[in-house]
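Think of it as A, B and C in the order they're written, each chain with its own count starting at 1.
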Amino acid sequence: MDTFEILKKLTETPGPSGNEGGIAHVIAELWQPYVDSVTVDRVGSLIAVRNGQGKAPRQRLLLAAHMDEIGLMVRQIVSHNGYGFLRVTNVGGVDIRQIYAQQVVVHGRQELPGVLGCLPPSMLPEEKQNKPYDYEDLVVDVGLPAEEVEKLVSVGDFVSFRQPLHQLLGKRVAGKSLDNRASVTAVTLCLHYLAQRTHTWDIIAVATAQEETRLLGAYTSAFSQRPDAAVAIDVTFGKGPGVNDANAFELGGGPTIDWGPNVHPGMYRALKEAADAIELPVHTATHSRYSGTDAFGLQIAREGIPTGLVGIPLRYMHTMVETADLTDIERTGRLLAEFITRLDDKFLESLAAGMMEEK
Amino acid sequence: MNELLKQLTEADGVSSNEKEIRLLIRDLIADHVDEWRVDSMGNLIALKKGTGASDLRVLVDAHMDEVGLMITEIASDGTLKFEPVGGFNDRTLLGKVVRVGADKISGVIGAKPVHLLSASERRRVVKIDSMRIDIGAKDKSAANGKVKPGDFAAFVTTYQEMGNTALGKAFDNRAGCAALIELLRGEPYPFDLYAAFTVQEEVGLRGAQVAAYSVQPDVALVLECTPAYDLPTKEDVSPNVALGQGPSIYVMDAVTIQDPRLVAHITRTAAERGIPYQIRRPGGGGTNTAVIQRTHTGIPAATIAVPGRHAHTPVMMINLEDYANVVKLTDAVLRTLSPDIVRRNLN
Amino acid sequence: MNELIKKLTEAYGPAGFEDQVRDLIQPEVAPYADEIKVDALGNLIVHKKGDGSGLKVMIAAHMDEIGVMVTHITKEGYVRFTNIGGVYPRTLHGNRVRFADGTIGIISTEPLADRNKVNSLDKHFIDVGATSSEDCPVKVGDAAGFWREFAVLGSRLVAKSMDDRIGCVVAIEALKRLKETPHDVYFVFSVQEEVGTRGAQTAANALNPDVGIALDVTLTGDTPEARPMAVSLGKGTAIKVKDTGMIAHAGLVKLMRQRAEEAGIPYQMEVLEGGTTDARPMQIANAGCAAGCISIPCRYVHSQSEMVDGNDVENSVRLLVEILSKPIAL
């Protein structure tokens, strides 16, 4: 398995929140060899099940990595000097400071390449001249005549960012939507490793939809699958320029195992033990409240699901040059596989017992 | 696909580091010119001999440099500090990819995650001097040997076409270079034509100054790619130039009044040939005309430009018909250029 | 339809106090329903059975409106109040409210030095004609809705609480015209939308639909200096793609457009940059459902004079009937 090639394929496939059909298809193809069933549910999440080798009825672990990415949506078509321009709004937490002069693809009746343009600050109203550009003034320029744009594009069409995956020095890579295709890659690697090992639990690998907007896929897939336990995999803040506090992590220093209200303490401990068993470097990330990940949704589905959270350090999150280290992605895949092979019939009991231990 | 534009825009040539683009252009024109040379600044100057019908000496200039970045320091965390080479709007660089140095090491200009920004940070423009290029180096020692202060960085953009529109980096001024190359590949003109692919336009029109001095032409034309601000506005104002409305003719900019006789010749020629053209809204900006015009005892000079949107960003756009019409119009202007047009008779 | 619109928009029904609206809707729908029930929160759930070949579809239109609630009665008999839902202070001064028993009150505000500014909500009060706290006919905790008569201005219709009685009208009309459907359709006249889409949430949990369609008003971009938005009054029903709370199911959006085009129903695509609808809770209920929204373009939303166009209302009804009477393949 070539981690770079998988990540390249995944990050270069568009999949803004609410429009995950294309990326779901690519992930389904990647997972197909390792799973017993693949389906897409009512809200667009991809759900793949790999049966365990234990005796039925088997216990089930859900792995959730969201597949959607931030993007834009057309809200108005403007004709100007014969050309058609698109006014857009954000889908998810787009950093508007860095979208000027970015390349995009408009998903109209056909895919149209485009660029985010804006008049120079000197031509904007005075009160805007020292501010970042905003959606009032930015336009997507597809370089086509207005009548053609009217024919090909409609209000409500999705717009995705466009950026090939770039190899930097060492094993670092940069591109768009590593949040959260880095984690989808890790789950892919995990499934690949599991194919060579024995595990008793069933694994439900879910590429969730619409995490960036409302954690939709986490809530709904956990409800429909009703797993016995779950692990969310998402990116976490990497140490880098401007980001250096205790809750940011070195690229290449290993994944994080997360701790806080969204995480079951027993799941945290079990993930930690799995890492220790294979001497895999990990760090603890803490969230005092909302983790901002699928774990938040998984944890409260139905009667509650013991949930863990694993993070892959990422620099420049929500920009078009998100940067990660392939080593961390590979380690995350290994960590998950190790954790899964260690799951046995006693695991749930030990989780429950752990809640009552006097320590 | 216009292969010439593709080749020219995908090559790098940040001001004063034009070697790659110079070699490419040399290869593209060598078979079509009588001689070529490279001067001390790095200008590529070619001569295409005329038929002998006219003894005018004509210079056509197109600058081949592009805006980019220069590495100034490798920080202890392995990221690169840099300064802009040429003029940038601060909003342009965040979240973009560049290639650094002779080995073209990929690097990215990142930003603090939007999740971690305070409300006031979100409303603040990030200044270029606080940005860094990240080439994936773990620390300074990992970056040493790969890049060094003084290295140049250029944008990374693949050329593409959407209908009549072409998208790519550095149309300013590879579009002008491409047009000049096409002229050189055509039939000889009545006069000797000197083609100057000049350096360092983006840092102060410096290459054209020495090229004009050494060629000492009777007449000069500058081929450019001029920024088009033809995006939707709330106010009803005419754009400075607009894509799709033909070659853009300069009359006056911030630093030059173009030779009125040449401008009249250009517009008359366009009208006669049925070639669309637009007068660039006077004011602001400037081209190599400024320095060429004031060389020696003065040289009549004018500018014909391809309008280009999103100038000084990694992703410019031009209209391919505008480009073709710049070639057509310049060719016609040259073929009908007679000494009387610029002669001054004292009565 | 205007008679029904008048009847429903003039009814009293701030969020949490929808009984009077429900009592008006029930007789309208009863003759066409296979089954009617009212759930614990007060949602009116009207079931029209399918032929068994289709999906389970939930249609949601909310009965509640924005309003105010009494928080304190001064010794002089003035009524201080808080908001129920999104009440804008600039819509208050000089307007009238009506309580459940029909008591009318007028809203005024404390003096403000700068007349171009607007006082905050807590500096407003209601005068119900009382002279002291003793003879005040309302008490703390009483809810009131705004009061304004329905008016017809050509094809434009104006009323308080068009948001979302007009959605209720669309649902009722669609139910009346829907002769046959392959689907098990549940028309839910929901409660408490204005305070956080609460009624639709429990209804969706209970019904567990495959498809959820909300009927609600949306904003327009066609008034002077309005925030740019590609929706105009009178240009057709609006098919929602996104609002701030939800991205509609892409397949459902496609189907809605297709049905509108097949039937020649004028429509507009809607991207709303403020607010959300009952489609939000439907989408995330249980294992999720394919959720979308048919919107009725409306000017001056959350004022006492919300304006819609009768043709848009008619086209919304037609689109809903088209969708429900044919198979839904997502």
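Just so we're on the same page, a residue touches a chain if its C-beta (ideal position, glycine included) is under 8 Å from a C-beta of that chain, and two chains touch if they have at least 3 such contacts.
Note that the coordinates shown come from a computational prediction; the quantities given were computed from them, not determined experimentally.
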Per CA centroids, the chain at the heart of the structure shown is A
With centres defined as the mean of Cα atoms, the chain at greatest distance from chain B is chain C
Expressed in whole Å, how far the mean CA point of chain A lies from that of chain B is 40
Averaging C-alpha coordinates per chain, one finds the centres of chain A and chain C separated by a number of Å equal to 35
The distance between the C-alpha centres of chain B and chain C, rounded to whole Å, is 57
Shared-interface residues of chain A (touching two or more other chains) are 87
Given the complex, residues on chain B that touch chain A span 77, 79, 89, 91-92, 94-97, 105-117, 122-126, 132, 134-138, 142-143, 146, 156-157, 160, 162-167, 229-233, 239, 242-245, 309-310, 313-315, 317, 319
Listed in rising order, the residues of chain A that touch chain C in the complex are 17-19, 21, 41-44, 73-77, 87, 89, 91, 136, 154-156, 210, 213-214, 216-217, 219-221, 223-224
Per the touch rule above, chain A residues touching chain B in the complex are 78, 80-83, 85, 87, 93-103, 112-113, 115, 117-121, 123, 130-133, 139, 141-145, 148, 163, 166-170, 172-174, 237, 240-243, 251-252, 292, 315-321, 323
Note: in the complex, chain C contacts chain A through residues 210, 221, 228-230, 239, 241-242, 245-250, 253, 268-271, 273, 283-284, 286-290, 330
